[in-house]
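Below are two complexes that have subunit A in common, paired first with subunit B and then with subunit C.
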Partner chain A sequence: MLELSNLTLAEGPVAHLDDVTVSFRKGRLTTLLGRTGAGKTTLMRAIAGLAEPDRGRIALDGKDWSRLASWQRPVAMVTQQFINYPHLSVLDNVAFPLVRRKVPQDKAREAARDMLGRVGLGTMIDRRPSQLSGGQQQRVAIARALVKKAPVVLLDEPFVNLDYKLREGLREELVDLLKAERETIVIYASTDPREALQMGDDVILMAEGRAIQSGEPQNVYARPGTTRAAEVVSDPPINLIEMEVSGGQLRLDRLADLPARALGRDLPAGRYTLGLRAHSIRQGGDLSARVSLTEVSGSETVTHLQAAGQALVMLERTVTNHALGTTITLSLDLGEALVFDAQGRLIEKEPVHG
Partner chain B sequence: MRTFYLALKYLAVLLWSAFVIFPFLWMISTSFKTANSVTAGAKWLPWLQFEPSLAGWQSLFGGVGGINILKPYANSAIVTLSGSAIALVLGTLAAYGLSRFTFKAGPLGNGDITFFFISQRIMPPIVLAIPFFLMLRFLGLLDTLPGLILIYVAMLMPIAVWVMVDFFNSVPRGLDEMAWMDGCTPVTTFLRVILPNALPGLVVASMFCLIFGWNDFFFAFTMTFTEVQLLPVSLVALNSSVTPWWSLSAAAIVSVAPLAVLAFVVERFLSRGGLAGAVR
Partner chain C sequence: MYRQKYIFLLPGLLVLVAIILFPLLFTIRVSFSSWDVYNPGLNWIGGENYARLWEDARYWEALTRLSVLTVGTVLLQYTLGFALALLVWRDIAARRFFRVLFLVPMMTTPVVMSVIWRTIFHESLGPLNPILDAIGIGAQPWLSQAGHAFAAVMIVEVWQWTPFMFLLLLAGLLSLPNEPFLAARIDGAGPIRTFLSVTFPMMGAISVGAILIRLIEASKLMETVYVLTSGGPGTSTETTSYYIYIRGMRDFQIGYSASLSLTYLIVMSVALTLIAKALIRLMVKDRT
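Showing the complex of A and B:
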């Protein structure tokens, strides 16, 4: 188990890490999900010893890493940039970490050749990194990270600079490769909620340098603890609508007045925030909204709308091209809606036992 | 029209080449002339326009009225090579430090330290002559090769630092960090990863060091008396009441030759492109 406790790292007034306490389990892939600037990279750099926290402790199986320099930490890392040693062949690039760890040259090369075969570069071992395409260069970097068999593997958005198709393919390959390592702690940073939820055995949500929620992906997705967590974990963006409950009525800010039973639960009178996922907004209904943007992605359509000054996002599982500026009618399905209190904390639909 | 512009371009290149190459040709032809053929006006073609003579060349190797150029040549080579080598080793290490680590001395930081190195070259050499002279005298190194080497290290190291700081700054830090992840200490990172990739920078820096060292006249002249003579000084010594153009030309060719060879070798190195493929 890799445990991070109270990690804090600030640069002037900017807190890159703000009292982060999380743990990572062996044999599991944990995704760090958060937007750019949420502190994912800083957290990884702190684990790798490349960034020095002002406060806090990092320990693997109880062994404190604070005094270990980065070259002494049993960590492998793949970054967004495809970093390889330009002066070495592909084979020697991958053998390099083993040779540095005193593995005999021939054994190191054998292991490197094996690993390059597994990432599909078996025929390119004599080339220089500069003679490879971007995807191939990143495979070399991945092979170099995996060949060490480090107990902690850090993957910092490794595919973000690759094109879509390649990204999908490499991601699957990587997950397969990592599944074989049952004792390894794999930490994968991502800005993409879908990727994070699909890949991870566990997910940690990050925002403003803090770890705001962690747990199993389905759980975190279904019950984001705060409005911020709901924003981080939702793609397309979740609709957060101010709501007032009084006298058996739900008043949705500027949008609609509904009977309180539409929520399917009783709420005491007061102000709340309604979290409505994009797929809970459907075309056809009493509410009219103007189309401000339509994005078609694969077989889905995400439509950004304006309704009485409230921005809404609607997801349809079909390809529908709503013309910009046209007005369409909507209905809101509150059955799966999340409700947050005035402080932005989730109010569970029914108490969770155990 | 395109042909016309092409012709114009080639003409310009030809003219420029002639302008650059002509003095060399003149120098070569003069080195094979006698006093009479030099003063007889512009003559280019040996045997046809003038009778070639080896007198100029002989005078460089102890011929009549000449000097023996071999000793100064060897001295110049020793001083330039050792001075450049030491300056490169120290300068490269300093440059890596300045490029990768943050130094603070009161209000002064890395930029100031780099400027301090370069400022050595901003001052006119004459300013440094007296302190250098006194220091060498104190050390008992005046008129010796080690003394000159020390001075050359001091003069050449700023060049090495300057070129290499710039070069190391262009090598992505991610490369250092990746090497640490792969188990390299900062020292092995420098030796195994950064230095091999800094080869083009090293070539440029060593070229500058060798050129400046080899061509230096001022310190070679002021820090020596009789024991140690370097090539530029001995070339000047060739000049007497009558200027022996033929000897001077031969000497100039001999003196330029190593740098010309260096330029040819280095040109290939430089055109090979440095860090392609490090970080995309």
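Showing the complex of A and C:
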């Protein structure tokens, strides 16, 4: 198990890592999910020894890594940029980490050739990285990372600079490749909640340099612990609506007054935040809203709306091109709504044990 | 209309003819003449000067000496220049100060610098021997013994031209992309392996360029020898250029010195071409 305890790294007043304590299990793919600047890359760089934390501890199976230089750590890493050795052939690029470990040249090349075959570059071993496409260059980097058989593999948004289709394909290939590595700890950073939820065995949500929640993806998605976690894990963005419960009434600020039982649970009087996922807003109903943006993606439509000064996002599983500036009517399905207290903490619908 | 464009080439062509082609052709003609202090003019004597040159042991010794001096000093300049460039490449304290400091020797006029070094090497009045004495090495006959004088010329050449090498190699290092170094760290390569497998091979092309420029320049070595040792003691530090100068300007054997110069030009052109090919094969290739 790879354990990070109280990892802190600040640059002046900016905290890149703020007291991060998390652990990663062997044979599992853990996704670090967070927006740009959340601290995912810094965390990976700290694990790889490329960034030095101000305090905290990194240990693999109880062995402290604090005194190990980056090149002494048993880590493989693939970054957002396609990082290869421009002066070496594709084959020698992949063989490099083995040659470094004094594996005989012929054996290193044999292992590299085998790995390149697995990533679909078996016919391109004599080329230079600059003679390959972006996707192929990143495959070389992935092959170089995997050929080491390092116990910790760090994948820092490896497909972010590739086009959508290629990204999908490579992601599936990578998951297949990693299935064979049963003893490996794989950490995958992503800004895309869908990717994180599909790929990861575990997910860690990051925001402002902190690890704000961790667990199995479906659990984290279904029960984000805070409004911040709900924002990080939701795509399209979750609708956070301020509300007040008093005298049997549920008052959604600027939007609607509903009977308190509309939420399907009893809440004491007070102020709350309602978390309503985009698919819980539907067209047709009593609420009027003006269309401010429509995004059609594949077979889905995400519509950004303004309703009495409250920004809302609606997801429809069809292609509907709502004209900009038109007014449409909406209804809110509160069946799956999340409720957060005044401090932004999730109020569980039913007590969760264990 | 179409032909008028050649008129625009004319000024450049004239300059080329005046400063390169004419002197070269004139030198070839002079090398077949007996032009000296007694018989000035272009009296045709066929290949006599070349036959004499073939038998001139002093000329061939000077050429051999120059080769050793050139290759030796350039190798030292390359090694030291690379080491210094590596030193100030990454963040070290007062990096800018050192970058400027290392360039001072290159900015000094060779003759002025040689005069200063002659003073430093002076066996009884110079500051070097007392220092060597104080640290137990003892005073050395810097300019009065053949081996020492040769070493003195090498020291001065290395001192003056290492900064040039440093400058070119530092520019090369600064232009290297960062990513391969990051990859090497992640791939577990320590500093020495990173240098051997990443830095050095990636610097191959610029290294070859820098070495060739210095070899060409060093093969014309003249001022340092003229001021520091005057080719002595005996002829122990005499280089080809200096010998040609003696024959041409001191003995006024213009025809003979022209043949020496042309032979020297041909030998150097062939040698440097072969060296360039060897260096490219050696340094600009794949390494793992």
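The rule is short, and it goes like this: the second predicted complex is superposed on the first by the 354 of 354 C-alpha atoms of A that agree within 3 Å, B and C clash if a C-alpha of one lies under 4 Å from a C-alpha of the other, contacts with A are read in each partner's own complex, and residues count from 1 in each chain.
Here is the rule we go by: contacts are C-beta pairs under 8 Å (C-beta built on N, C-alpha and C of every residue); 3 or more make two chains touch, one makes a residue touch a chain.
Keep in mind it's a predicted model, so treat the numbers as computed, not measured.
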> Just from the overlay, do subunit B and subunit C fit on subunit A, or is there a clash?
Replying inline: clash
>> Taking the superposition on A as described, I'd like to know which of subunit B and subunit C A:Y164 touches: first, second, both or neither.
In response: neither
> After superposition on the shared chain, which partner residues are touched by A:F96: those of subunit B (first), subunit C (second), both, or neither?
Replying inline: both
> Of the two partner chains, subunit B (first) and subunit C (second), which one does A:Q105 touch, if any: first, second, both, or neither?
Replying inline: second
> For A:Y85, is the partner it touches subunit B (first), subunit C (second), both, or none of the two (neither)?
Replying inline: both
> Of the two partner chains, subunit B (first) and subunit C (second), which one does A:G134 touch, if any: first, second, both, or neither?
Replying inline: first
> Between subunit B (first) and subunit C (second), which does A:V75 come into contact with in this model arrangement: first, second, both, or neither?
Replying inline: both
>> Taking the stated contact definition, name every residue in subunit A that is touched by subunit B in one complex and by subunit C in the other, in rising order.
In response: 48-50, 69-71, 75-77, 79, 81, 83-87, 96-97, 100-101, 144-145, 148
>> Going by the contact rule set out above, which residues of subunit A touch subunit C in the complex?
In response: 48-50, 69-73, 75-77, 79, 81, 83-89, 92, 95-97, 99-101, 105, 141, 144-145, 148
> Can you list the residues on subunit A that touch subunit B in the complex?
Replying inline: 48-50, 69-71, 75-77, 79, 81-87, 96-97, 100-101, 128-132, 134, 137, 144-145, 148, 161
> Tell me, which parts of subunit C touch subunit A in their complex?
Replying inline: 177, 179-180, 182-190, 193-194, 197-198, 201-202, 204, 286-288
> What part of subunit B is in contact with subunit A in the complex they form?
Replying inline: 172, 174-175, 177-185, 188, 192-193, 196-197, 199, 274-280
